[in-house]
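Next come two complexes, and both contain chain A; in the first it sits with chain B, in the second with chain C.
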Partner chain A sequence: MIRALGVALALAAIAALAMIVAGANPIVGFFALFRGALGGPNQIAETLVQTTSLLFPSLAVAFAFRAGLFNIGAEGQLIIGGLVAGLIGARLNVPGALAIPVILVAGAFGGALWGSTAGVLRARFGGNEVIATLMLNIVAALLANYLVVGPLHSPGATGAETAQLPESSWLPTLLADTRLTIALPIAILLAFALRFVFDRTIFGYELRAAGDAPEAARRAGINLARTAFVAMALSGAMAGLGGATIVTGVLHRFNVALSPGYGFIAIAVALVGDLDPLRIIVAAFAFGILQSGSLTMQAYAHVPKDVVTFVEGLAIVALAARRFVAERAKTSPA
Partner chain B sequence: MRAVQGVDLDVFPGEIHALCGENGAGKTTLASIAAGKLKASGGTVIARGVVGLVHQHFELVDRLRVWENVVLGHEPQRGATLDREAARERVNRLSKEYGLAVDPDAVIETLPVGIAQRVELLRELARDPAVLILDEPTAVLAPVEIDALFATVRALAARGTAVLIITHKLQEVVSHTSRITVMRAGKVVARLATADTNVDAIARAMVGGELPELAARRETIPAPVFSMHEISAGESSLAVRSAALEVRGGEIVGIAGVEGNGQSALADAIAGVLPYTGSMELDGTPIPPGNPGARIAQGIRAIPQDRRREALVLPWSVIDNITLGDQRRPSLRKGGTLDRPAARELARTIVERFDVRTPSLNASVSALSGGNQQKVVVGRALAHNPRLLLAYQPTRGIDVGAAALVQSRLIEARNAGVAVLLISFELDEVLALSDRVIVMYRGAIVGTFERDAIDRARIGALMAGAGLAGVAS
Partner chain C sequence: MMQLGMRGCLKPAAILLISTLALGACSGGSSGSGSGGSPAKGGLRLAMVTDVGGLGDKSFNDSAYAGLKKAKADLGADIEVLESKSAADYQPNLTVLADGGYDDIFAIGFLMNKDLAQVAKNHPQGHFAIVDAVVDLPNVTSITFREQDASFLAGALAARVSKTKMIGFLGGLDIPLLRKFEAGFSAGAHQVDPSVKVEVKYVGSFEDVASGKELASVLLNDHVDVIYVAAGKSGLGAIGAIRDTPNVYAIGVDSDQDDLAKGKILTSVLKRVDVAVFHVAQDAKNKKKPSGHLELGLKDDGVGLTEFQYTRAIIGAKTIAEVGRLRQAIIAGKITPPQTREELQNYKPVKL
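Here is the complex of A and B:
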């Protein structure tokens, strides 16, 4: 935790430098950032909305990572999940109480399908999941755009989006007049469930073995191909579920721009959270603050929002480097 | 902690000096310092000329030819280009001068290890060293090749080269050297004149006490357990070809052979991680191919050759490593979840019975010494009454105490009726433990010896390829 604080402080210092370079006063900038994120009930609610949207793909990335798979396709899986949720929600009139569960499950299923595509490539042909998931991000974005503008265009929709979902399929809010919905407790519940799966179940044990020592796992009777497939499918399902909650809880329709890169920021969140589901909740909140405060910062302190993106990018590089250095230290001869 | 501390060592011209010690005693570190490849934090190295070092794991460029490797770093030049003819000529001359026959145009990766070692030796000799250090030079050689190597070394010493041989094979030390320095835990603990000492005394100095005794073998009535027929697996020079063997319950069958003669492929085929043709049976029922998990459930357990990569999950705790492979065993699960108390209890039993020195059951196995890691692996393999135990170099790289414990547990498993298949590159280990010795050469089984008919010289000859003419014992 002390180390995490150190990382946070270092990043804050770099952010301050970046603000100075951008010609702004860092004190004013940080003040605006935090006021925008935590300055009142509405701001806090919006920060929690961002936290939620980050939490699903972050758990997805961490889940795959624990199985030894670098899923950088959470973005694509999230988009497909949102797309499926939006199309089903807007087109099929799912009756009343069933609407929300059906749409969420459908979104998760869409994400699972997208994730398992990379899983199949890896399991059957030994294809590299990094390249596969990265490329599938682009395919997902283009496919979504094509479908909502082209063949599945909704009559009422303007731009690259579906029609609005009927109100019966909107996620219930936790706080009136905000976009904060039950998606947050669902995400937190998912984190606890994952922690249980990793620590307590045979499935989680085998998944971690495959990730930490594939050759030993194989010799212990763990089917690596099947593990890779299942891990990618479930990882995709989590990201897809995240996309579905954005559609049903935040936008109430699918829009091709539903994600400002949640699936990519998720990689940093997962690494900051040390791939531990519970610590990822905290990390997602920290990144949620950045996400929701950055607009205020831009508006009031004239600090470009890109400063936040810049710092997030730095965090990814730094954390990836740390893991790489740790690997090297482990494998270098004594 | 320092790998080497306050060591003084003199090697005189014309002398063959042995440096002995257990794994981790600091021998290789000392050699690297002497050859200038490592920098010592204190002390001095004085040499009357170049110090050559022949590594335990060859440092050759596999894709290059012999002559290219030999001249690498000091290539003869004609103007700005490499003078190939001069280089090839130089290698031929060296090769003749030292009696190290080798084809200068052969590519390293196509050469058998014995020849590759000659190339490494030639490369060092090309620098005309005043001191030549050989780090475990016989680890990968067949007995005949070992004799040839020592002939070369003696010739070198006769010309005035100071030779330092690092080894843990004490028989070689006694037969070929004149003085012995013994190291333990980074320090010199004994300086001996070979003429005044013997193998036991050197071993005691290495271990720092009496050698642990092995468990006694008991009379058993062997019953058929495992058999395989016409097994072929693996690729090219490392493959196993049409091998058949049988291991009965209550016996240890030892496979003697130089590393790289198909032992790996054989072990992996039996473990179910390498595709093969042919058939295997356990207790009379055919074993389905390619499913390591099913084999574990049937009672086929393995001590893999690379414990850090193939046997253990290094960052995990002792407990979690002990259940690996048995995570689905009914006694270690509760439905779909792990039975933590049962796992802890099992780990406690194994740690006690195998004397695993660990700070706690929750400590990560990466913090354990190699010997203690190996005890975890062996303990796990024997924990659930296996039918067949496949032990691949079970004592490689571990200290004498741990090695004796592991060997004793293998004998006890045998006494209890387990079929044990032992693969080892240490002929002494094979001979000490086995009820039957099988010799492998180039992927084929070339000889079988019952315990009361073991002929060390004959086994050595077969390991070097003397059985190729079709001679069977």
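Here is the complex of A and C:
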């Protein structure tokens, strides 16, 4: 926790500097940030919407990390999940009680497919999952764009998006006139479920063993290739589910610009949360404040939205680098 | 060990934060950006939300922003621009502005239509405008353009300039908005010369420069010698292909592209989002009741052709005069260019 606080303070300092460079007053900026993120019930709801959209890919990244895999493809998995959800959702004409689970499962399945592609490359050919997932992000975005404007263009859609989903398949909201839906409790439940899997199941133990001490795990009879494949598929499924909740809960359609980079910010969220599912909930909320507050910062403090993107980017680099340095110190014989 | 190190970095971080904030308190105030969002009392306050393209797109968002800047200069308006990082930002951005009590809030681009409708419903006391989409609500001004009118003139021009009597249309996405350009262009060509053949192709994207170039090359191989390029960034590829081929010409779109390949771009079909934004701003300033649907055409300079700065000699005075007569005929209502493929099929050249 102390580390998280230190990181937060350092980032705040850098953000303040960036605001000064951008010609804005950082005190007004921070005030606008918190007013925009927490200033009233609607603002808090919107912050929780951002928290939810971040939580799914963050849990995905953490899950893969625990198994020793660096999944930087959560963004692509989220896009594919959203794409599948949107393509099916816009065409599905059944009651919501049936449609919503179908759409969410389809999204998770799409993400799993995308994640397991990298998993196969790793398991079968020893391909580096960092490179594979990173490249698959680009393929995902281009594929989505191609499909929605090309062969799978929905009638009634304008631009690079699907038609709107029927109102019955929208996720139920928790607060009237906001975009806060049951996706938030689903994400929180998922976090608790992951904590349980890690701590209380043999499968979770195998995952952690494969991540912490692969050689020992192999000798103990754990199939590393299979573990890597399953971990990537499940990680992809979580990110894909996140994409599906954005489609059914926030946009009510798939749009190629559905994510401002949730899958990348998720890396920072997962690391700030120390790869612990429950602490990641708190970290996602903190980053959710940044995401939703950045809009108000533009409006009231004239802080360019890029300042927040910049700080998030720094957080990812700093935290990821720190982790790699720590890993190296641990594994290399000193 | 690690834990200790981390504890050690807490203090420097805190000191750094406090000192930057102090620095900000001393210097940040001089930025003169009207921080805090407190406007001059009684003044006109306008704001816009860009789509994910953002400012600097040399197209739509920039053009709308130019209109706002003109409103600031000429009408003394307070202006604000919010950029969107993702499609999920449209609604909160519009909501933040609606809560800020602006006189007019512009949503730039048809992709925002659903979000704008939602926000406008939740803020019945606010007033909004949207470009390129029709949102049927009492507090929304829908701004659309008669792209088919200016495209009609471009078609007539292309038919006259073409030696091979084969002209091409290269669109971005095959959507109703782009079909207005396509239909007007074909009708204009057939108006002046029914024997001219119009080949139509769509890139399938507004951002694919390579495919734009490839499709333009396909058209040029088919002996097309004038291409109307309405394909956003993809169009830049097409213009590149045309620049490298002798005796073929392009017609640009949206903003003045004549400079991109001097002497090779006959004219550009302008779509003046800035004129539309300023028009709405002026109505707000004069406390005029805002229109529900503002459709801008040739008459209001909402659409038009550029001045043939580099291509006058290629086009010839006779054709330029003819295009001028067609323009007058459209303004006078004698010609109504088609805006869909169905209307195009039923379109008969008008005797003037």
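We take it that the second predicted complex is superposed on the first by the 325 of 334 C-alpha atoms of A that agree within 3 Å, B and C clash if a C-alpha of one lies under 4 Å from a C-alpha of the other, contacts with A are read in each partner's own complex, and residues count from 1 in each chain.
In this section, a contact is a pair of C-beta atoms (placed from the backbone, for glycine too) under 8 Å apart; a residue touches a chain by one contact, two chains touch by 3 or more.
The structure presented is a predicted model; accordingly, all values stated were derived computationally and were not measured.
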Under the superposition described at the top, does placing chain B and chain C together on chain A give a clash or a fit?
fit
In the overlay, answer first, second, both or neither for which of chain B and chain C A:F203 touches.
first
Check whether A:A108 is in contact with chain B, with chain C, with both or with neither, and answer first, second, both or neither.
neither
In the overlaid three-chain picture, which partner chain does A:A270 touch, first (chain B) or second (chain C), both, or neither?
neither
Mind working out whether A:E215 is in touch with chain B, chain C, both or neither, as first, second, both or neither?
first
Let me test your reading of the model: by the given contact rule, A:I280 touches which partner, first (chain B), second (chain C), both or neither?
neither
Touch check for A:L33: first (chain B), second (chain C), both, or neither?
neither
Using C-alpha centres only, what angle sits at chain A with arms pointing to chain B and chain C? Round to the nearest 10 degrees.
140
On chain A, which partner's contacts cover more residues, chain B's or chain C's?
C
Taking the superposed arrangement, what is the smallest distance in Å from a C-alpha atom of chain B to one of chain C?
12
The residues of chain A that touch chain B in their complex are 200-203, 205-206, 208-209, 212-213, 215-223, 330
Quick one: which bits of chain C touch chain A in the complex? Just the residue numbers, please.
2-3, 6-7, 9-10, 13-14, 16-17, 19-21, 23-25, 27-29, 31, 33-37, 47, 52, 80, 82-83, 85-89, 91-93, 95-97, 100, 110-111, 113-114, 122, 133, 173, 175-177, 204-205
Of chain B, residues touching chain A in the complex
271, 273, 291-297, 302, 304, 306, 309-316, 320, 323-325, 327-328, 333, 336-338, 340, 366
Help me check something: in the complex, which residues belonging to chain A touch chain C?
2-3, 5-7, 9-10, 12-13, 16-17, 19-20, 23-28, 36, 42, 46, 49, 53, 145-146, 149-150, 158-161, 164, 177, 179, 246, 250-253, 255, 257-261, 292, 294-296, 298-302, 304-305, 309, 326
